[in-house]
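Below is a structure I'd like to ask you about.
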């Protein structure tokens, strides 16, 4: 009887494994990959919403070149090993173009699989510089500027506008935060206008950062650049305020959002953060935000604008190329200018969107305001 | 040598260490009695902080403020943590009292994962801003670089709590029963001590301490999420082992030593390796003194 | 100082053991000669089990010497040696609170006793080398033979935890015998047994001594058993040795009677 | 009736317990309090039902304990005792495993193969930890660190010295083993609970070092472009690569099963189990504790290192995020849920824990919740795991003294 149990088990396994969704013919398959569950879901879900909105609108108008667009949404939880699995899933099921992934690490893990299958991926949020600048991933595009750009901006702002002389740089040891910190450090050292007096990683999620703050004061830093996300930033700020350490604080675009304002509360006041250029005045952007609010009853989350732009650009390329041929799509993405929520964009030779960039923002009265 | 800096770091280390100590007491007391690592103790601390956050949030939005909010939030948090600690023991540990040693430990890990995800689902996986419940005292201004108002409150409350605990263990009926049970569970049962009640009481007391620690630390760092219990729990457990698990003064000493070691390591070497210092210290001490700083080398009964 | 008639196997001199400030054993001397059955008796808490633990390496004594003179082997001082080394040198024990391996079969429990007499390595085991196969066969044979000796051959494939109490005690003896000892130390082998089982045990111990040609040191409270089988008896009280001699001598010793005053003497 | 009343009380108690967390949600940004009273009702009803069932099960368990003095042989034990049947089942399973890629992958569709590779990697991890925890009883909460050692060994050797997959495979295993020995040496004499926290610490330290030492390990950014396994210099497309990885890891699984099985019933395996059951009795019976523990610890680490190499090669990319405490806990759960020491149990548990979430993404949110609860329940109601460990029976023919060769226990 043991045998039958085992056989049943294996049979069940097989049935599950074989239950591949029937391949619907004649649609354009648009993959959406990112973190939709887990800690980083807040960064991935807006992209899913954006893609759904764009595709719903296009399908309502009859699709592209007479074909409906079909979304294939997969969750990578921002984990590299899951990303490779969902990427093979997309490839296996015949995806034509992918919007994603969200995190740089997951993107790096997945992009090779798309490359092997000649599929283009456009990320709204993977800001790790080598993704485009190394030239290794010809099939990768993004609608957000790379980390080194914002780090350069942050460094210049610190030394030129705020005239800081002794700069402390902290980071959360993560891919994103440390990348930002490293580029800022290099830029400051190269600029020669200020000294980096402290450069250190902190343990994300730790209970207490008071030691590192004491050190900051001990080194006599007159400005702090932080590479990382909002929870650690607000914890640092809260402790700095309690210890009455008042130095300007500059963070990357990971801080520029409601998450940071919500959690840091009054500690956020006066904090600087770099972030994508203000595009909220663009008519397309205003419309997209209004539509979103009408549909979900709240403001869209992080990377929503970039995701809208990525989806629109992808589908525009399909339209211009007249199909989903890899070479034709590549040509279309690099030549055809398309109007999006982040402005009129096309992609440069390496895959970065031309015309997107960063500005510096400051928190004033509980909201980010662009510093002119 | 910059003594001012050293002193700043030491103060920070003591504050951090006293929080570790408060949580470590819960581990050590439970271990002392039933030789179980209550892996889910950190989650009880986290739940305390969450309940305080919710009470404080509701009250603040209904227009209350100041000390009323702090006290009520703390009291409700303590009640709920105690209730969770009690329930946890009943469900996850009591049925395993006579099981092989690994079973309750694994059950504890399971309970920890369950509670963390329960809070994540019921509330949110995101970080939440914890209101600053401790006001800024004027008289602290001159020494703020060493000790902030919140730090002062932490030190006072932890000292009082530990004093209360000492009195409880030394002089009350339940305290004596706890000590008897710690010496020899079977014998305690023979002389008529209701061991189940003692164990429940131990869990409740440990949970109360954890909740107090949760409210204090959350109002200091200004944020909470469902994962804070895991991080704090591991550190506090390390502190308990460091001091000699099962030993109440050991937990306090272990907490302080760990807090100071981490702060000095971060201040003089690098904060990137803070956790490495903590665990390296643990390994070192266990190799040199396998029973911890104050633990007695227990001769196993053969 | 070669003893011509009977060779000395174990020689304990001034053995002292402190726990913190408490002196559990105070300068105890004890000798065991080949082929003897020696009993160690005394009221509860006299330090008998602690004495065993010191001799078998579970504790390291605070002072004194434990010397062994294995037949045909080299004499040595074994204070502070690890228990497994001492077992390998030829002294094996049982425990007061039975310590079997409950989730292993009865046969496997005995096979563990052969561990220190075999040499199969990890590589041997993976490749099932000729040595591994031969050793395994020998181990199974010898273990089975010991099970037959203690009357447990029928339960060889049972889990040890499922054995009855008396059978578990006998299994412990078989497991200890599997280590090929020259001296067997039994810690209250009759505890918890009914009279029927005790008399069987009595017979078993005597038979083992004869067949395996070894000496036996036992701690026991059952005076009937002790008086029946022992050649000599040592008496301890409060960590000190208060008397030694033949059963008859001990029975008449005043100190011993005093020590047991209030305790039931089954004699 | 008493049960009903009690369950009702428990339902109320849980409604009280969950009241603040499940009902109230404070939105600090919009300054609103959300009251979700309906949730409370669900909790109450659910707790009532579960409490009722719980009491029923606990009573049954207590009754079961009292009555079954002799354990009934489990299905697995009966299977193991019947050489013909076990051989057939084994052959069947092997056949399915071998043709699996051809059953599920057509054309460019190799998703299922890829998922299976990930799952099988965890099968090897589970079997490796089974040696340390399941057989030798050494609770290791930082096991994933050795997996990381193997993965980084391959990534670094292939990057810096251009060494191929097949050269690195044994090297990865040996590195894992080396780390196991180095770490195990000082800590293995600690008591069981201390060992748990120290190994947890080592796991954490490993991850921190990987993150911080970015000049060597690439930091949090990880190491990319790790070469896939090579096959006599042939160029393979995506699907072929996956199928190739599948066979490699399948072979590893087979090897692990073979070795574990051989060891389990050997002198070494018996010593491991004895230490697990009772340390003092083991040393008193002549088992060298330090050496035996170290061998179990190092051997467990060996498999993690070995399969770490496959992991790195299969994913092309590694970073420290794949080596967290949760991953260690996951592997531990496989061993525990499968049944400590039981090879078949661990395999089934590993496949279930890795495959179910992959195919039941809809329940992803509740996955860890259920997972935690199952760990607790399993300990209470079925501590021996899904498939309890089988014990080999040795043939003995007293009459002519021949024997014990009985190899039929070997699956």
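The chains carry the letters A, B, C and D, assigned in the order they are written, with residues numbered from 1 in each.
Convention: a residue touches a chain if its C-beta (ideal position, glycine included) is under 8 Å from a C-beta of that chain, and two chains touch if they have at least 3 such contacts.
Please read all numbers here as calculations on a predicted model, not as lab measurements.
Undergrad: Mind having a look at which chain is the central one, using mean CA positions?
TA: Here the chain at the core of the arrangement is D.
Undergrad: Considering only mean CA positions as chain centres, point out the chain farthest from chain B.
TA: Relative to chain B, the chain whose C-alpha centre sits farthest away is C.
Undergrad: Write down the chain pair with more C-beta contact pairs when C-D is set against A-B.
TA: C-D
Undergrad: Between chain C and chain D, what is the separation of their C-alpha centroids in Å?
TA: 40
Undergrad: Using the average of all C-alpha atoms in each chain as its centre, how far is it in Å between chain A and chain C?
TA: Roughly 71 Å, centre to centre.
Undergrad: Measure off the straight-line distance from the CA centroid of chain A to the CA centroid of chain B, and report it in whole Å.
TA: Centres of chain A and chain B (C-alpha means) sit 37 Å apart.
Undergrad: Quick one: chain A and chain D, Cα centre-to-centre, how many Å?
TA: The answer is 34 Å.
Undergrad: What residues in chain C touch two or more of the other chains?
TA: Within chain C, the residues that touch at least two other chains are 58, 95, 99.
Undergrad: Return the residues of chain D touching two or more other chains; collapse runs of consecutive numbers into ranges.
TA: 28, 208, 211-212, 280, 365
Undergrad: Going through chain B residue by residue, note those that touch at least 2 other chains and give them in order.
TA: Within chain B, the residues that touch at least two other chains are 128-129, 272, 275, 302.
Undergrad: Within their complex, state which residues of chain C touch chain D.
TA: 56-58, 82-84, 87-88, 92-93, 95, 99-105, 107-108, 111-118, 120-122, 124-126, 128, 132-133, 135-137, 139-141, 144, 148, 153, 156-159, 162, 175-176, 178-179
Undergrad: Within the complex, which stretch of chain D touches chain C?
TA: Chain D reaches chain C through residues 69-71, 259, 262-263, 266-271, 273-274, 277-278, 280-289, 295, 299, 389, 391, 393-394, 396, 398, 401, 403-405.
Undergrad: Hey, which residues of chain D end up touching chain A in the complex?
TA: Residues 28-29, 75-76, 78-79, 85, 88-89, 92-93, 96, 103-105, 108-112, 114-116, 118, 208, 211-212, 214, 219-222, 224-225, 237-238, 242, 311, 314-319, 321-322, 348, 351, 355, 358-359, 361, 364-365.
Undergrad: Would you pull the chain A residues touching chain B in the complex into a rising list?
TA: Interface residues on the chain A side: 38-39, 41-42, 173, 200-203, 205-212, 214-215, 217-218, 230-231, 234-235, 238-239, 242-244, 259, 262-265, 267.
Undergrad: In the complex of these two chains, what residues of chain B are touching chain A?
TA: Residue positions touching the partner: 2, 5, 8-9, 12-13, 15-16, 19, 125-129, 144-145, 148-151, 217, 220-223, 225, 227-228, 231-232, 235, 262-264, 266-267, 270-272, 274-275.
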